[in-house]
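Should a chain be cited, it is by its letter among A, B and C, assigned in written order, with residues numbered from 1 in that chain.
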Amino acid sequence: MMAQVENILQVKGVTKRFGGLTAVNNVTFDLPRGQILGLIGPNGAGKTTLFNVINGVYAPTEGHVIFKGTDISGWQPYDVVKLGLARTHQIVRPLNDLTVLENVMAGACYGHENRPLKEAQVIADEVMEFLGLAERRDMLAGSLNVAQKKRLEMARALASRPYMMLLDEVLAGLNPTEIAEMVEVVLKIREQGVTILIIEHVMHALMNVSDRVIVLDYGQLIAEGSPEEIANNPKVIEAYLGDPDLAKRLMENADGD
Amino acid sequence: MDHLVASLADGLLLGFVYGLAAMGLTLIFGVMDVINLAHGPLIALGMFGLLLFAGANGLGLHPYVALMLVAIVGLIFGVIIYYIAVRRVLDAPHLSSLLATFSINMMIIGVGTAVFTTSPQNVEFSLGSLQLGSVTLLGTRLVAALIALFVTAMLYLFLYRTPPGKAIRAVANNRAAAELMGIPSDQTLALSFGIGAMLAMLSGGLIATFFSFSILSGSVYELKSFVIVVLGGLGNPTGALLGGLILGALEGIVPTFMPVSWVPVIEFVLFVVILLVRPSGLLGER
Amino acid sequence: MNSWKYPAFWIALLLVIIGGLLPVITGSNIMRENMFLILLSVALASSLNILLGYAGYVSFGHIVFFGVGGYIGFYLLAVQNTPLWLAIIAGGIASAVLAWLLGAAILRLRGAYFALATIGVNEAVRTFINNFGPLGGPIGMEVNFSIYRQYGGAATMQWTTYWIVLGLTIAAIVLSYAVKFSRFGLGLMAIREDEDAAMVMGVRTPSAKTMAYVLSAIIPGMMGVIFFFRNSSIEPHEAFRLTRSIEMIVMVMLGGQGTVQGPLVGAALYEAIRSFLLTSPLFKDLQLAFAGLLLLLIILFVPSGVVGWLRSRYRKLWRVLE
């Protein structure tokens, strides 16, 4: 039982196939409580699919996902979030015709703690304050700009009071100032004891926040280690050769640190 | 047994015409994701088009010449409907396009009722009949089936062999990508809607050569088209023809062992069940 | 959110009550019959709005609940001689059960597929009853006028049923408001905006949608019983008229889908326009065409409806318009 307390998330031999296409191939890793684990890989490596399998959008074709000692493979997303595993989407999905407050309240109402409306509002106000959305409380979510929508996405997940969050490219499309602010936010969330699994293409930021990094390529886990180890891993560099731009960013980062 | 064969043959001939109507509906859905709720009234307009062009009180043309005029009117009318009602709601939620096309439905039925009343009409026309063993095939139905087949073949030639046809398929496949490749999506969509309306009116015209009709008759065939389209898979023209034949066969067979009034019950139950079990249609991929 | 303190709800309620009392004040039977139809429309549109406006599921065949409730109630009244109140409740329960059973199946379908399935269901039920002898088949059923004697004669019965309809309309408004400002309502609106995101946020979408479907079916079922009882007869084409179903949608759209007052405003406006068109010699024959034109204009130019448009234009009115 101790091992389960140690590792809040265990992914065991997870495979996801769509017809003939194997998007995720026999992926296994553990995530200890309180850590930030970075997940990188070239485009189309299966990162988001892996997220979708973990939080129940897809059932795994093979393998198991174990969260806090419970096998949640094949659970529905709404049951997964009630166990305390929240996520954000790569492409933000604000509830456009609802206000920012209502968006965040919905996260609190239906999330891990299943709060009634009134308490949800208190939590929502708190979370919006934390993410700097308080001023936009009564605006329609659809009218926010990209950076604010990313924050809203985070706020909604955070309002569910999760033990763990899956963050899918929360930095993409932000300018350097906004990235710095968001990195702060991520670190603060971790300080509150929330475990984080994060997909990110903004390498230097990811390398800074992650305790460990895992690398997916063609659906397979090809490397695992500290940010430094990953940045110097020849297999990883090779995998990124298909994407010269990313390879360059990865190398720059290795040189820079 | 003879009775069954005769009834089945009759049903199958009708099935081609049903399939043609459904093809109009499914083409529009496949290209622009719009369920055209003005489909039924368009079918009815096709019937009245035939009456006006071929009827004794109209132009008195030969029915099959009149049918060509009906097709041209249908094409133009469809393009007009597209620009007035459909274009602006293409990117809106589904409800908008459903209601926009339904508003056209109401306008056609409203004006049609005022002009033609709802009393039944028919076009006096006969081509005799063809005797095959114990089976008698009505000439008008046989020709209607052949015309439906011919139009289907032409539609395929058009879609696969001509530039505008290829443009339609490209837009159906991926509108954004087609636009990037320089295909004028607006005109292409208008043309698709025009062809969809043309097929509906043509089938109406064909039906008018052997059944009596009123301005309200379209709704029956619209519902049949829904059933067929779901049978064959939404957006799939070949499926529509096959679905039409299945429905026609069903309408031929069922009345031989139960009252004919049960046919629609079976059709609609089938419709809902297929939507639930295989929303991509019998032919579609899972 | 202390939503009950907002004036919006009380304004809606007041409008219904004032409208509902007009026939008593004027003592006019014609006024009562007009008001009966308006209240009926308000209740049907408000009920539909729970599914259409809040959850974003377009039920094109919603009239099936009106028809099924009506048939069950009418059968009980005419054949089993059940008291009216019991028949009304039975009609509501029958519709709720039907919605619950159907919901589990067809609410898995999204967008246009769901809309088509609801049409299919309505037509399947209509054609089935058309063939079903015990419920009168295509001819339907009639009650003997003597049945009204139990309710103090036809004239008294018409007032009694009028009050019941007023009560049910108020119930529909209260229900619509209660749902909108509840935790459950928030979940429905999340589904409307993005169903997949709602699931990821923790909304149990299948049960929430089914619940919305059931809630939107009960009052139409009860209304069906009263409508056909008053009508003294019921037949399949009248009970399951697809056009009436779409009129319900038009009312919701006209007033503003997803708002509480929208269906109220929309239904009243629609009925007013229709009665104007019906009585005007110029438009009498073209009534349907004009309704269609009106619908098209709304969709193209004011897709959020009267209330929605006012809300987006005048933010200060948010507490009054809801």
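Simple rule for what comes next: a residue touches a chain if its C-beta (ideal position, glycine included) is under 8 Å from a C-beta of that chain, and two chains touch if they have at least 3 such contacts.
Model, not experiment: these values are computed from the prediction.
Asks: Hey, how far apart are chain A and chain B in touch steps, shortest way?
Replies: 2
Asks: Which chain has its C-alpha centroid at the greatest distance from the C-alpha centroid of chain A?
Replies: B
Asks: State the pair with the higher C-beta contact count; candidates are B-C and A-C.
Replies: Looking at contacts between chains, B-C has the larger number.
Asks: Mean of the CA atoms for each chain, then the mean for all of them together: which chain is nearest?
Replies: The most central chain, going by mean C-alpha position, is C.
Asks: Distance-wise, how many Å sit between the C-alpha centres of chain A and chain B, to the nearest whole number?
Replies: 49
Asks: Counting in whole Å, what is the centre-to-centre distance of chain B and chain C, each centre being its mean C-alpha position?
Replies: Between these chains, centre-to-centre, one finds 32 Å.
Asks: On a C-alpha centroid basis, what's the spacing between chain A and chain C, in Å?
Replies: 44
Asks: Under the definition above, what is the set of chain C residues touching chain B in their complex?
Replies: Going through chain C, the ones touching chain B are 52, 56, 58, 60, 105-106, 108-109, 111-113, 115-117, 119-121, 123-124, 127-128, 130-131, 138, 242, 246, 249-250, 253, 257, 285-293, 295-296, 299-300, 303.
Asks: Considering the complex alone, what residue numbers of chain C touch chain A?
Replies: My answer: residues 1, 181-183, 186-187, 189-190, 192-194, 196-205, 258.
Asks: Contact residues on chain A for chain C in the complex?
Replies: Residues in contact with chain C: 55, 57, 76-78, 81-82, 87, 89, 93-98, 102, 105-107, 109-112, 114, 116-118, 120-121, 156, 160.
Asks: Per the contact definition, I'd like the list of chain B residues that touch chain C in the complex.
Replies: 29, 33, 35, 84-85, 88-89, 92-96, 98-100, 102-107, 109-111, 113-114, 219, 223, 226-227, 230, 234, 259, 261-262, 264-265, 268-269, 271-272, 275-276, 279
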